[in-house]
Structure formats: C-alpha cells, structure tokens
Amino acid sequence: MSESLERGLNKLRSQIDPQVRSFFSTCVHCGICAETCLFFTETRDPRYTPIYKTEPLRKLWRQEYTFWGKLAGKLGITDPLTEQDLADWETLVYDGCSMCGRCSMVCPLGIDISKIIFKVKTGLATAGYSPKDLAETTQRAVDIGSPMGVKIGALQAQIKHIEDDINLKIPIDVEQADYMALLSSMEIMYFPEYISALAQIFNHAGVSWTLCSEAFEATNSGLQIGNTEVAGVLVERIVAGAEKLKVKNVISPECGHAYTAIRWEGPNFIGRPYSFKVVHILELLDELQQSGRLKLAGMETERLTFHDPCSIVRRGGIDSEPRNLLRSFTENFVEMTEHGTMNWCCGGGGGVNSNERAEPVKLQAFNRKKSQLDELDVETIVTSCSNCRLVIEEGLEANDMDINIVGLTEMLAEHLVDGTAH
Amino acid sequence: MARMKFYCDAERCIECNGCVTACKNENDIPWGVNRRRVVTIRDGEKGERSLSVACMHCSDAPCAAVCPVDCFYTTADGVVLHDKDICIGCGYCFYACPFGAPQFPENAAFSSRGKMDKCTFCAGGPEQDHSSDEFKKYGRNRLAEGKLPLCAEMCSTKALLAGDANVLSDIYRKRVINRGASVLDWGVNYDSAKL
Amino acid sequence: MGSIIDGSLWYFSLTVFVIGVVWNLVRIVFGKRKADFSIPRDSAVAGALRTLISRFIPDRHMLPRISLQVVAGYMFHLGLFVLLFFAAPHVRFLDEHILGFGWSPAPHWLFIVSAQFAFLGLIMLWLHRVINVVSRLISDRGDHIAAILTFVVMLTGCLALLETFNELRLLHRLSVELWLIYFPFSRLMHAFTFVPSRMFTGAWFGRRGVGS
Amino acid sequence: MKFLSIFALLLFVATPLAGFAAEDDKVHQGIFVENPGTDLWRDVRQRNFAMEGSSQVKSVDSNILINPQGDEWARFRVGVLVRFASITLVIITGLLLLHYVTGGRMKIEGGRSGRVLLRFSDFERVAHWTLAIIFLFLAITGLMLLFGRPVLIPLFGHELFSLLASASKEGHNLIGPIFLVSLVLVLVRFVTRNIYASGDLNWLLKGGGLFGRSHVSSGFFNLGEKAWYWILILAGLVISVSGVILVMPNFGQGREIMEMSHKVHSIAAIVLIAVSMGHIYLATAGTEGTLEGMKTGYVDLKWAETHHDQWAQECQDKNLTISSEEFARLQGKAVDKSSTVAKEQG
C-alpha cells in the first residue's frame, strides 16, 4: 500500500463520526436521492446517484466499523478500499457533484449526503486523488493568495479604475471599521461592478467599511478540493487580517462556497471561534433595507427571476433576504418552479467549474437550469454568486439563449437614490 | 352393527326448538354455531310443517367427498365425524352439504371461519373418549356412555328420534298405522270432509 | 426443537436485539462529536424536530418521479406497523410474553388488509430494488437479505393465520427470531436510526436557518 | 352420489301416504283425505331450487331445509374439476415440451445487432413481476388445495398435508386480493398497446409463426400476446371477483352463490394457469432474447426486428435505438465516463 493511500485512508477513518455511522446504518438504498441530483437526471447515469458517490467511505465503514465487516476481516475475506476505487471515485466526486446538497434535502431518512461526499473528498484529496486543475488552483491560493493568481497589485489597479469611474474612495486597510469586505477573484477579474456597487451602497447608507490588503480573497480552494488543512490556512489569513484591522464584521461576498468557507466551516477549520461576526452581503443589504437606510428609486420592469446559489440558500439559509430585496425594486419578479431551498444547481459548484475535465458533464447538467428557464421565459436572471453567474453565462451561451444575468448587489446599486441617505 | 340415524316426524314436530336448546346446552356450543335447527315450511299457511335438521350422518357423505384434507370419517355406528386437528376451515363441506349442517365459529372477512363444527350424534370426536380435549372440541360423547343424542331424548312430542335405523323405521311404521292420516290436516272438518 | 424456539432461542434473540439496538443507538447519540464553532443563525433543536417530522412528506415536485417508492414504501411501512402492533395475535403475544399489558387490537379485517398492504408494498419495493438501475447499483447483499428476511417473517405469519398448527406457529416464531438477531447488525436498524439521522441533519440545517 | 339419508327422508315422507292408502279403506270407508305433506315434500325435494322456510336459527341459509345443488357441486369438485385440471395441465406441458424438443426455440434472426431499444419501463416491469410473483404463489397454493387430496395425502399423510393445506389456504386468502390490485396495474398500463390493430388477423392466419420457421409482421405486441393479455385480464377479473365472493363469507351470501363462484373461480384459474405456462415457456426457453426485455427493459434491435418488425421500424424512425455502450452507461457500467467523453471532445 502506497503511503499516500495510507494517508487517505487514515483521513477517511478520521471522518467517521457518530453522524456518519448513523447515516450509513440508516441508508436503505432506496435511490430517491438520484432523482434530486442534476448530474443523474440529466445524464441518467446511475453512478451519479448521490449516495453512490459516498461509496469509498461506506466501504471503509463497512469494513472496519460493522459487525459483518469485522467478521469478514477475521475470516480473512476482505474487500479493502483500493487505489483503483479512489481513482474511480475521483471523477464521480469531483466532476459529477457540485456539492449542491439537494439530495440532503430530500432523503426520506434524513441523511446529509452532501456532507458525507465532502468527507469523501477530504480522503481523496489527502490520498492525492483530485483533479489537476483544482490541485493547481489550490496551490496558487496557498502561494499567491488567490486561486486565480490575483495579487494585491491587480486589485489596486482595478480599484483605481473603479474609483475614477464612480468618484468614490474605496477604503483600504481602515482600522476599526464596522465591516471588512471580502472579494472573490472572479469579482476582481470579471465582475468589478460588484466592488463599485459595494462602494456606492455603503456610501449611500453610511456604512463604515474597508478592504484589507492582506486578506481580500474570500474564496477557499481548500474547501472545494476537500483539503481541510489548506482551507484552514486560507481562513486563518482572513482572520489575521480582520483581527489586525480590528473590524467588527466581515462581509462574505456574492460567492457561494466562500460563504460556506468563511461563515460556517471557517471556525471549525481553524478550530476556534472568531472574534468578529461574518455576514453575507445579502444579509447586510436586507438589514439596511429593513432599517430604512437604503433609499431606492425606480422599478425594474423586465421579467426576471432569481437563481438561488446552493451554498447561500440551501446550505446557508439566506432564502428570504434576496427575495425581499428584489421585490423592493422589481415589478416582474417570477420564481422558478423549484426555487429557494429546492432550487436546482447551476451545475458548476463544488469546484466543478474550476475543473476543465468536468466541462462536458457540467454543460449536460446545465440542461436542468435551461429547462427551468425555458418554462419561465424571462429576460434577466439575478443571482448572488459569481461562480453561478459564470456557469450560467457559459451555459446560456452554449445553448444560444438570450438572457441577461446580473448580480443582485449591482442591480440594487443601480436603484439607489443619488447622494447619501443621511 | 347398528346404523345410527335421526328421524324427525313432521306430523309431530311443534317447532318448540327444545332439541336446539338441548344440543347447545349439552355440548357447550358457542353463539353462532347451530348444530341443529328447526325449519318451518309454509309458516302460517295451510300445510305448515316443521322439521328439526342437523347432520344426517349420510352413508356416502358429500362433505367427506369434497374435503380437501380428508378429515371426515364414519364410525362403526355409522356416525359421520371429522377431525378438527386436520380441518383447515375451508368451507367446502358447507357448500356440499344439502342440509346446511357444517357450521363455522366465525364468519369474518377474508374467510376466517375457524374450524368446522357440526352435529356429532353426541359421539365426540377422534380424541380419547370423555377426555376434556374431546369435550372442548366436539362436545359430549353420550354414545360412549350408552346414551342417545340429547336432542332426541329431550323432544317433548317425540317427533325427533335418534338411534338404529331399523328400530326407527319400525317405530315410524307403527305410528303411521295408528295415526292413519295427518293429524294436522285442518281441512277435515270443513270443505274436504265428505261425511 | 419447539422448546428451543419457544425458549432459549427466543430469549437469546430478544437479548441480541435489545442490546444490539441500544448499543448502536448509544454509540450514535452519545458518541464524541466535534464542536461547531460557528455562530448559529437559528435554533438547532427546532431544526432537528422540524426535519424529524418533515421528512415523512416527500417533496411535491419530486413526487411524480419517485411515486412508486413513496406509495409502495408507505403501503409497506404503514401496513407493517398496523399488523405488527394491532393484530390480535400480536397484541396477545406482547401482553402475555413481553409487556404484561395489552391494548384493543384491530378488527380482523383491518389486520388482513394491513398485511395485504405490507405484502404488496414489500414485493414492489424489492422488485424496484432489483429492476431500477439506480437502486440495483447501490443495493448490496444486506439490503436483499433484510428484505427477504422480512418477507419470510410476514409470509410465515400469513401461513400460520389459522393459529392451530403448532409447527406453523413455530416456523413464524423462528423466522421472527432470526429477524431479531439480524436486526441490530443490518439495514433494519434504520427503523431506529432514522430518528438520529434526521435530527442530525435537521439540527445542522436548523443552525444555518434553512427550512429543511 | 347417493345419500341414503335423503332417500330415508323421502321414504319416511312417502310412507304415510302408502300407509294411509292402505288403512283408509278400512277405517274411514268412502272418505278420501288428501295427505297435505306430499306436495310439500315434493317441493322440498325439487331439484334445481331450494325451498325457503323459516327458522328461529339465524344464520346463512338456515331457513333452507335442503339444498340439492350441493350434491351437484360436490360431483363437479371431486370429479369434473380434478379431471379437467389434470388433463389440461398435462396436455399443455406435453405440447410445450414437444415444441421445445422439436427445435421450436426461436432464435434472433441474423444474431444480435449490438444496438438496443427500450421495451418496458421500470414501472411496467415492477407491475409485471409483482403480478407474476403473486400469480405463481396463488397458482401453487391453489393447486395444492385442488390436487392435495389425491396426490399429496398419499405422500405426506393427513397431518402434514393438513398443515400444508392450512398454510396454502391462509396464504391464498390473504394474498388473493392483492392479485386484483396488481392485475389492475397491468390492465391500465398495457391496455393501449393491446387493442386489435390491422395486420393482427394476418398474424393469426399465418399461425403466428409458431410452427413454421418464418416470422410474421407485427407491432409492439402481436396478436398472440394480445390474446394472452386479454385472457389474463378477463380470466383474472373473473377469478378476482369470484375469489372475493368466496373469501368474504361475512356478507351472508348463500351456498348457491358460493358454489357458482367456486366453479367459475377454479375453471378460470386452470385456464389461466395453462395459458400462463405457454407465456412463461415462450418468454424464456421458447424464444431467444425475450426475457431481457422484462429483466433490463431493453431488447436487442434484431430481436425487435425478428418478432415485432413494425415496432422496431417505428423506433428506428424516431431514433430511439441506443448503442450497447450507451446501454452499459445507463446501467451504471461505464468504466470512466468523463475521460472517454473528454477524449471524444479532444
């Protein structure tokens, strides 16, 4: 047995806690989860059944934690987890699962399947079975500070652009600000509108905020690939930045997995609670709106819908906030048939979008979103995750669909009454 | 050997149901099971007749013929009995019997009838004579005590007779000779009388 | 043979069942879990209770695609529940041999109808398991053994319905004993572990403020 | 069958008349008193109808003194039915064996093509096998009750057979009603494909290709299959309805209805068992590749062209056939899907 395999197995072993035990001994293999998974529904390949993706961990559990597995071991009949298994499941787990967690919502026995799949990922990553692209981005994130290789220089250049554009100063490294905003590399590179929207909104509402030159990157490749150590390192950077600036709150940007990484898993990755609070930008905007600090004018008249980013809505609970915000400045907001916590994923979450190899499967999985959109006949899709936005843009293009896609924050910024509210 | 038979004299039976009561009491029969019953034909009309019926202990019994588990047997006395340990409660004997003798303790849905029960000529069953098992399953074994079925013994008008077929037919012949004509023919005093 | 089935094997199987189930549940409920350092958005307890109940009802939009499993599943589980706890012979048995008290059993027809539901449901569920590619792929030996063993228990019970042949009763009891012994080591544990599983997941969703 | 007792009863009833006739002349000379019993007893003994009286005892048929039909039914049950059933089952077994040994097994013409097409959905297969399992269970337990006495009692003895018969009867009664449910599933699911279509007559005239070596053109189901479907549905419904009557004695139906139901139930069941043997034979040993359709849901294109050429053509026109690689993928047997896809793309 190779050393890396041994490491992977040990990692997997360490993942077997009472919950996993409960989940595995509960699963009756009814197959209902398959119908919740867009990778299955769009390909009809039964190997994409969510619970099947957890097979390596289940096999290990069966082998080492159950009566029959131990008995078989005593009798010398073992069916150990092999390198081949890990290699086979690498493609299933990394290419064929966007960690959207829809399966966890539907399982009649209450198994949090996507949580187990993440545990499988950690084992695979430790054993070295992870896609080349993801491994590279993870390395970049550790070395450079951004998965896309965005350095502070690039951000400063972008900020300069924006400041000229909107005539507002974007605060950097301001100590004791109320809020420290994080960004995802994608926003810096592809959607700088988000940064200008932030500046405009916060200026309008009189929010004291800052960016941190040492910790501006919100994304967490460690979470995507399943490397908890790297994830911890990346979270640690943000914590250090926030503690150095002594901010009260950290704002998670419009990025799905960043929210999960910084808001929910971060304290666990580093093994201690934060000294600050983490809010998602939508939570903050909704709060501002509720407290009357946002003065909005004009209504969007086009027919539009909201795409729920899985990590933010289904796995993050921010369900009513985007809807409240949208209703305050749109007239023609329609919901997809399955929305909110039961929304269908764009198909590119969980690192699938950063994984070149998964491209064909991802496009096939997008058919689900396509048929949802076809039903609605909308002009615009609003979302609040830059990854979803990229994937949907790509999918719309591949399918020759003429629909705009915008971020919720920037759309809101367009409706601000000029000048500050104060 | 004797051939045991019942005979009911329709000219004498007054539908008092004494035989039914005697049977139920002697054999501890539960509600719903009627080993013996009195049927009245043309009740309240001219020519009304009553007859007490139970298992007739046929020589070639149809119940025995159709029983899928072959639980019937005929004793040396010519009494048709069945083995409740073998009976599966299918109800075939009830379909086949012309007299409606086979009875079932239950009559619930999905054919849960319980085991068949019928008149044993007060001769018990295949169990040890006078054992409590025998009494529980089949009732009294009077024959083994040298007694005849209680229904006939109790009959107040001696309409219901039980015993050896030859003896019964002798009794009956004498009755007919003495009686001459139907005692119940109410028409005698009026139209039909040509005195 | 009969005395073993009615005596020592019965006590053995009951012991294995009770100890096995309790041990499994204790390990799951009281096992060491990592603390969650994140600040909850909402109540974990409320989420756990909500999910415990809500997962009885399938998602509306999913239903057309999983109707067979849902309908057959409900038929089987409800049928089995009624027949297990409300059939007159079972109530009598529980009263006389285990609990020392009884309750009024279901009428005979309800007992039979629930058994029919259970049979039809189980047959269709098992067939779905071997026919549907997804469930065939993910099912293992344990699933089939559990289904077939349960079927055998139900079938022997059904064959012994007349309640007169001791051999048939013993056969039913023997199959029940095998089932009880197999229970804590198998997929059958889901009859108990669905509660902690749903509550774990519900608590997780509850902390994050997701209505699951 | 003779019942001495019935004769005895008749005899007793008749004797008063005889005795009266003899004595009358002596005692009441010149007076003729009609015996009021004669007409009555003649009515009671009438064949073909049971005379109703009244009784203090209230239970099913308790007011009927004599039911003469029981005798007829008993003769049917132990004579006609057993003979009919055994002869039918022996003949059908013989015919099927003969067909098989004379090389009647129909092969796929020209071998397999490597392309497959979907014939039966998951639900259709679940419905089929549910019905099949229930049917086999009911057929076996039913035949046990029918042939048990002549065949199994000599083998096992009364006590053991009684146990088997009790188990069979309880099982038959409990599972029986489910048959109706699964039959309705099959009825509803397959009815549209089993309606007579033009061309079916031609299939019939050519004997369905069963005896020759040539195959006859046909759609999704050929006339033989359609006939089997309708036999199944009709006989199945007859069996179910009569079975429900037999299994629900609590509604107070009398013996006559029960006897009638039993006759209908058993004859329809024998017919269905016989025809189903043909169905099972043709689907397994009789033709190559047919069983796959009910196992995986997919059949080989060549099989479809051999047996159901019109349907095969329709599917090809609609581009519904898939390659065996695609089939393997849908079965979850793809080795490494994403990498092969990537290769194709690259």
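For clarity, chains are labelled A, B, C and D in written order, and residue numbers in each chain start from 1.
As a convention for this text, a residue touches a chain if its C-beta (ideal position, glycine included) is under 8 Å from a C-beta of that chain, and two chains touch if they have at least 3 such contacts.
Quantities reported herein were computed from a predicted structural model and do not represent experimental measurements.
Asks: Which chain's centre, taken as the mean of its Cα atoms, is farthest from the centre of chain A?
Replies: It is B.
Asks: By number of C-beta pairs in contact, which two chains lead?
Replies: By number of C-beta pairs in contact, the leading chain pair is B-D.
Asks: Quick one: most central chain, C-alpha centroids?
Replies: Most central by this criterion: C.
Asks: Find the geometric centre of each of chain C and chain D from their Cα atoms only, then give the gap between the two centres in Å, rounded to an integer.
Replies: Spacing between the chain centres: roughly 35 Å.
Asks: Which whole number of Å gives the spacing of the CA centres of chain B and chain D?
Replies: About 39 Å separates the centre of chain B from that of chain D.
Asks: Please tell me the distance, in whole Å, between the geometric centres of chain A and chain B computed from their C-alpha atoms.
Replies: 87
Asks: Mark out which residues of chain A touch at least two other chains, giving numbers and ranges.
Replies: In chain A, 46-47 touch at least two other chains.
Asks: Would you please write down the residue numbers of chain D that are in contact with two or more other chains?
Replies: In chain D, the residues touching two or more other chains are 162, 166, 169, 173-174, 177, 330-332.
Asks: Which chain C residues reach two or more other chains?
Replies: Those would be 112, 128, 132-134, 136-137, 161-162, 164.
Asks: Using the contact definition from the top, classify how the chains connect: line, ring, star, complete or other.
Replies: Contact map by chain: other.
Asks: Going by the touch rule stated at the top, which chains touch which?
Replies: According to the stated criterion, the contacting chain pairs are A-C, A-D, B-C, B-D, C-D.
Asks: Which residues, counting only chain B, touch chain D once they are in their complex?
Replies: Within the complex, chain B contacts chain D at residues 5, 7, 9-11, 15, 17, 20, 32, 34, 37-43, 46-47, 49, 51, 53, 56-62, 65-71, 83, 85-92, 94-100, 103-104, 107-111, 113, 165, 169, 172-173, 176-177, 179-182, 184-185, 187-188, 192-195.
Asks: For the complex, give me every residue of chain A touching chain D.
Replies: 44-47, 88, 91, 95-96, 357-361
Asks: If you look only at chain C, which of its residues touch chain A in the complex?
Replies: Within the complex, chain C contacts chain A at residues 24, 27-34, 36-39, 41-42, 51-52, 55-56, 58-59, 61-62, 65-66, 69, 73, 128-129, 132-140, 142-143, 185, 187, 189-190, 193-194, 196-202, 204-205, 208-212.
Asks: Which of the residues in chain B end up touching chain C in this complex?
Replies: 85, 88-89, 108-110, 112, 115
Asks: Going by the contact rule set out above, which residues of chain D touch chain C in the complex?
Replies: Interface residues on chain D, with respect to chain C: 122-123, 125-126, 129-130, 133-134, 162-163, 166-171, 173-175, 177-178, 181-182, 297, 330-332.
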